[in-house]
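These notes open a run of structures that come right after.
You will see chain A twice below: alongside chain B first, and alongside chain C after that.
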Partner chain A sequence: MANPDFESNARWRDLDKLLLRPGNLVNENFEPGPQLRSDLQEYARVLVVGAGGLGCELLKDFALSGFRNLEVIDMDRIEVTNLNRQFLFRLQDVGRPKAEVAAQRVMERVSGVNIVPHFCRIEDKEVEFYNDFNIIALGLDSIEARSYINAVACSFLEYDSEDNPIQETMKPMVDGGTEGFKGHARVIMPGVTPCFECTIWLFPPQVKFPLCTLAETPRTAAHCIEYAHLIKWDEVNSGKAFDADDPEHMQWIYSEATKRAELFGIPGVTYSLTQGVVKNIIPAIASTNAIISAACALEALKLATGCSKTLSNYLTYNGLEGLHTKVTEFFKDKDCLVCGPGVLLELDTSITLQKFIELVEEHPKLLLAKASVTHRGKNLYMQAPPVLEEMTRSNLNLPLYDLMDKTPKDVIHITGMVSKNDKKTSCLRKLRVVFKGVDVVTEMDTAGGA
Partner chain B sequence: MAETKTKYDRQIRIWGEQGQTALEKASICLLNCGPTGSEALKNLVLGGVGSITIIDGSKVEEGDLGNNFMVDESSIGQSKAKCVCAFLQELNDAVKAKFVEESPEALIEMNPSFFSQFTLVIATQLKEPSMLKLDKICRQADVMLVVARSYGLTGLVRISLKEHTVIESKPDHFLDDLRLNNPWPELKRFAESIDLSTTDPVVHKHIPYVIILVKMAEEWANAHNGSLPSTREEKREFKDLLKSKKIALDEDNYKEAIDASFKISASRGISSNLRKIIDDSSAEVDSASSDFWVMVAALKEFILNEGDGEAPLEGAIPDMTSSTEFYVNLQKIYQAKAEEDFLAVERRVRDILKRVGRDPASISKGNIKSFCRNARKLMVCRYRSIEDEFNSPTLSELQKYLTDEDYSIAVGFYILLRAVDRFATNYNRFPGLFDGAVDEDISRLKTIAVGILSDLGCNGSTLTDDLINEMHRFGGAELHTVAAVIGGIASQEVIKLITKQFIPMSGTFIFNAIDHKSQLLGL
Partner chain C sequence: MIRLFKVKEKQREAAENNNGRAPVKKQSPGELRLNKDISELNLPQTTKISFPNGKDELMNFEVSIRPDEGYYRSGKFEFTFQVSPTYPHEAPKVKCKTKVYHPNIDLEGNVCLNILREDWKPVLNINTVIYGLNYLFTHPNHEDPLNHEAAAVLRDNPKTFEANVRRAMSGGYVGNNTFSRCIY
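Then we have the complex of A and B:
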């Protein structure tokens, strides 16, 4: 690998046209010049969440847009069905962690770029991990994961005393998503543009078949498959967990579904459909992923350098019937629990951490189960892993006020589980805690009293 | 091979085995393998296209390492076509990858017959004079052409070919073919066999909405001199009538009937789009007509005869609340009618083939069946030659774009993309390629752009200085992300053309990477 310090400018022949020259259709903070490119290379830190169809493209796009400090997080291993679009992976990579292979492949090809892979769940990282990046790029296919990262990024946002968001605490995100020939790319500037949660209605939950249809009046092949999957499996294999990645399990579902279809005279059950229904497979192709990822990476480059105007703020792409692109400016929900100033809780200075957690679990706007509590990056109580739980358990009986170093008013982060559409998901919430009877005094006084 | 099928599983779910086979049979030629071309091919190689041939005469320079993922440090000084070809081959060994180290311009000039061996040519970063020549060559040889260009924060994609016909257009939203207001005898008989006023609550809530609507439409028509609800008032009245038939609150079938009640007012007969197709002069077939047009001719006869003004029945019904028995029977009735219509069309296809002197068996049953199933959704796409468009664009459209705020940037880039090519012809380089002489380059570019506008008959129209400055700033740069968008769109259109599924874009797509308000210009 070439020493990046000696890398010649010739490599950035094309990018430099954009970064070194002044323009009129640019962001107001644009300061063109060689310093801009070297700042981008040196200081911009980007996290790519997901190393799948979008993630592979994003890593390549960032590496070829002048970014050098990249990290990527993904919990999945490579599968054969990834190979039609996740271009950094080969057949011999099947079974290896996506994040590691993707990082390695891009670093081999593009000298000077450094990519740190994280082969783990997004919830496994401490919240502070995410604060280390200037931009977070989301290449995900699940609503829950998007929602989680969005909440983490928004949790860093602080508001001033007049409830205006403080620029330095904004953690911008670019988010892409695809399904077949369709996709979207969006820019989220927490506190300014709507966050993922403000416009959650854009992602309606999947409609499930009513159980009585499956059990009594099946009509389609999918009904027969879901009957085998959701009802018959448990009846026959009591206690054995169904594993969609186990081919024997899938084969069983398929043959049960076939039997049921024959019984009712319903056509259309195939093995491929069985997999599609059970695993809820979303069709995916290389071109749409490439288009959407590139749009996201370009927006990230604009956020980092100001070299052009920003997408404001939601782009949809549809290549199914002709070619349609559309930009929609959505507005943020000022009462959003995630990107707003946070739920305000007025507390007595005597409340213990234990009581506080109970309060949070019962609060109608929160309803968080299994809550863990952090304050300014310090773990006050952690439900998991067991080592941390043990270490923080003794805090439960201490007053929250003391644990917060007698700060009269501050932001607290809670992670826990919420139930949404009968599904438990990880969730992070920002709370504004104010202690009753304590004047908000100057920092000096607090320091003196502590 | 099982592994291959698994590898392509996520895309076969979109375009089916047939689409995949079409891809695997296609041979694609790429002109210029900068990032735009490399990205376009990357997506096609991953998808398993049959063969690729890369034409590029340049050597890899250090600047290529900053925007193209298909070269690396060891490529410097070597043939770009060779290096890109090798890296693309790594992505999928099922694809036959070849390269020719020669400039596309020279090939177009010296060896036009070279292109006739391909299914489709993707021309990237080609300047206007060569592009116009290539378009002529491809049209003559019946080779499909997709033009793609990335330039700074703009770019374009344009399809050029004489005619593209689509049977499986697979639109997202399309009214299903239920014939609620015009039931054929079997459907009518089935509806009559079901009693809406049954007192068995389980049966009552499991009568499919199709039956409810067929019966209620008839009841309405009988009470209204044979006409169906048409005014807003009548439609509301009809919904109220449906509501009054409910015997319990939780009857989903009645809820579905109310939601779908607009379907009984669906107009009879064929759509204007289909009317245009059957009235097309290509539907007067001879021995040289394509299978598509032969089938259209048969369809036309069917509509005038057996169809009684309607296209063949599609045969599929949506899922709806129903008992299994009702639903399966209903499905069979629709399928039987679709089969009957298909057989009638097939007879006519065979007759026509005989009449024009072709083998009557030369169009397969499967193809005719698919044609019948999709008869309401047929698409015919025709594209003007690029030269025609450049010499005589649809002036009214152009003028509309120039004055419409939503289009002003896109149409500005359209003119400027042509202007930079003229600039390059005059001065042997793109404006702003080098630093310095900024004002001079900008004023030359502006003069050329204004000249193009007046050549097109838009005297007095001009482009904003901001946009002209921006085009100058780009200096011919090919940014990786812009190339990935343009190349991505080009490859997606290629897939639609080769699989003959979905609807390819019409007009010229102008990418606006400044605020993403891109547009399709129909000129």
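Then we have the complex of A and C:
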């Protein structure tokens, strides 16, 4: 496979410094040598999720760090406001899919790299699509999208009978995020480090103004804009859905907000502030994206080659005044519904749902009374409200195995009441159910389903 | 580090074994949490809940409240709940489908309840929201108005307010606005 034109050692001089020499801080499996670079180039497959501010940087960084098999997925088309920081795009690209242009530009500039673009929503891909990659790098701006990819990556994770995660089934993620001058980079190794859902509380709640303030006593330009967006739009355009990406809609909001601001003598309503408030945009800073992506790409390189121990496990960066950066080690939630092992239960295929609910109540690891049971989005039994209890009651006498479509092993979720020190608290638990005497050789998926 | 070769082999095996596997229905953590909220609902006498999309689609549902005291006694008010996959990070979206003369609910059905917006916290749940809605009917509040005409009447002349509420609920006019009958 060697091509002397771009295989010259000069090109990989810096990478080779990491891959050819031993060190004290390397991973325990690290075997320095030239083979490592060619393995990285041949076998490491990385998916970049998002081709925006972070995604552009990530693709470039990966390509220049020796990765050759890259894919990128993004559902958006290029807008003129992207051009100041999404440096792979030019004015004439406006309107074209971000993933396609980003892939093309990086391939033009970095020889030997192959990037496959996917212009679609992340939910449009089969779950198996994501299993094809060794590392998933996230350059996203929403909690919802992160939560989805996290659930998919964790769904490949399997645990052994001692509840230890099985290494070959781990799908590592590196996640970057930026907001103005602030950013984070983190390494998620499902089953080892906290997954996105273990630490969802890290995200601050969105600022929301009380509706009555908007309606009655606006004090700021943002109040006037939110009034037009949340109250006036429905009043005037009854039934028509507001589309933040439609310039006409945005113009309408802007002009209504301006009228309102004049009425109350409030300065400061502009078109760009209107866009910012309605779409919840914080101005992006190109250098923050570059710094965060560089940290993510380096972590991916460490994961793939073992040339150093990885970040453990959450880096924050703040460039607002001077520079502050620090690494915090978060711990995973052992009962996490997404990445945790769940309680393993071996059952007979004949057990009815009723008997199963009784078993869960007596099981020493659960002791969960009044259980409601859900399997892959199907509510098998609901204790409340009465209308759902009635609809699911007839399942109680059926075998659980049949209710689970005769799946030999799978994850189910139960909710119910647990007594601790005479206090009753409600809880939601994940269970790994395995049916005895059923062939499970071809079954791979267990830990996920959340 | 990832053992690249091992991973490669494993993946090939997985792909081969993949045929005939049931398609995976993804259930978001938000859906699981909502299921928990629903399975623990403890509704007041005044409130009924229904799931128009059946027992497996709980993210959109309807709640009807029939207050048994206060200005709105015997009226019936329908609400829609829309829960996002990032629940409980985000509050449920609640709208009142019944047109109502109320200082804290506007004629489009927007509801001014603090726990639905600025004071929402992930430890709150569907039950709390439902109790909050009930509270709005027993304690309409003229200090946080969304329908400011109704709020002014409640503040300055509670007797007129009471008469207006009765007229609106019986399907009459208040000012220029017509209401549908919601007393059954």
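Convention: the second predicted complex is superposed on the first by the 333 of 450 C-alpha atoms of A that agree within 3 Å, B and C clash if a C-alpha of one lies under 4 Å from a C-alpha of the other, contacts with A are read in each partner's own complex, and residues count from 1 in each chain.
By our rule, a residue touches a chain if its C-beta (ideal position, glycine included) is under 8 Å from a C-beta of that chain, and two chains touch if they have at least 3 such contacts.
These figures come from a predicted structure and were not determined experimentally.
Peer 1: In the superposed arrangement, does A:305 touch chain B (first), chain C (second), both or neither?
Peer 2: second
Peer 1: Could you say whether A:149 touches chain B, chain C, both of them, or neither, answering first, second, both or neither?
Peer 2: A:149 contacts neither chain B nor chain C.
Peer 1: Touch test for A:231: chain B only (first), chain C only (second), both, or neither?
Peer 2: second
Peer 1: On the A-aligned overlay, A:297 touches which partner chain: chain B = first, chain C = second, or both, or neither?
Peer 2: The answer is first: A:297 touches chain B but not chain C.
Peer 1: Counting only touches as set out at the top, which of chain B and chain C does A:29 meet: first, second, both, neither?
Peer 2: second
Peer 1: Report for A:14: first if it touches chain B alone, second if chain C alone, otherwise both or neither.
Peer 2: So A:14 only meets chain B here.
Peer 1: For A:351 in the superposed arrangement: first (chain B), second (chain C), both or neither?
Peer 2: The answer is neither, since A:351 touches no partner chain.
Peer 1: Under the stated touch criterion, which partner chain does A:188 make contact with: chain B (first), chain C (second), both, or neither?
Peer 2: Neither partner.
Peer 1: State which residues of chain A lie in both footprints, the one left by chain B and the one left by chain C.
Peer 2: Shared contact residues on chain A: none.
Peer 1: Give the list of chain A residues in touch with chain C in this complex.
Peer 2: 27, 29-30, 39-40, 43-44, 127-128, 131-132, 134-135, 143-144, 147-148, 151-152, 155, 167-169, 172, 197, 200-201, 203, 205-206, 208-212, 215-216, 230-231, 234-235, 238, 302-306, 337-338, 372, 374, 376-379, 382-385, 387-388, 391-392, 405, 407, 413, 415-416, 426, 428, 442-445, 448-450
Peer 1: How about chain C: which of its residues touch chain A in the complex?
Peer 2: The contact residues of chain C facing chain A are 1-8, 10-11, 14-15, 17-18, 20-22, 24-33, 35-36, 38-43, 49-51, 54-56, 58, 84-86, 89-90, 104, 106-108, 110-112, 114, 117-118, 120-122, 144-146, 148.
Peer 1: For a test of understanding, state which residues of chain A touch chain B in their complex under the given definition.
Peer 2: Residues 2, 8, 10-15, 17-18, 21-25, 57, 60-61, 64-65, 80-81, 83-85, 87, 90-91, 108-111, 180-181, 217-220, 264-266, 272, 276, 281, 283-288, 290-291, 293-295, 297-298, 301, 308-312, 315, 318-323, 325, 327 of chain A touch chain B in their complex.
Peer 1: Taking the touch rule as given, give the residues of chain B at its contact with chain A in the complex, in rising order.
Peer 2: These residues of chain B touch chain A: 3, 6-14, 35, 39, 42-43, 46-48, 61-63, 65-69, 72-73, 90-92, 152-153, 157, 169-172, 206, 319-320, 322-324, 327-328, 432, 435, 465-467, 469-470, 473-485, 487-489, 491-493, 495-496, 502-506, 509, 513-518, 520.
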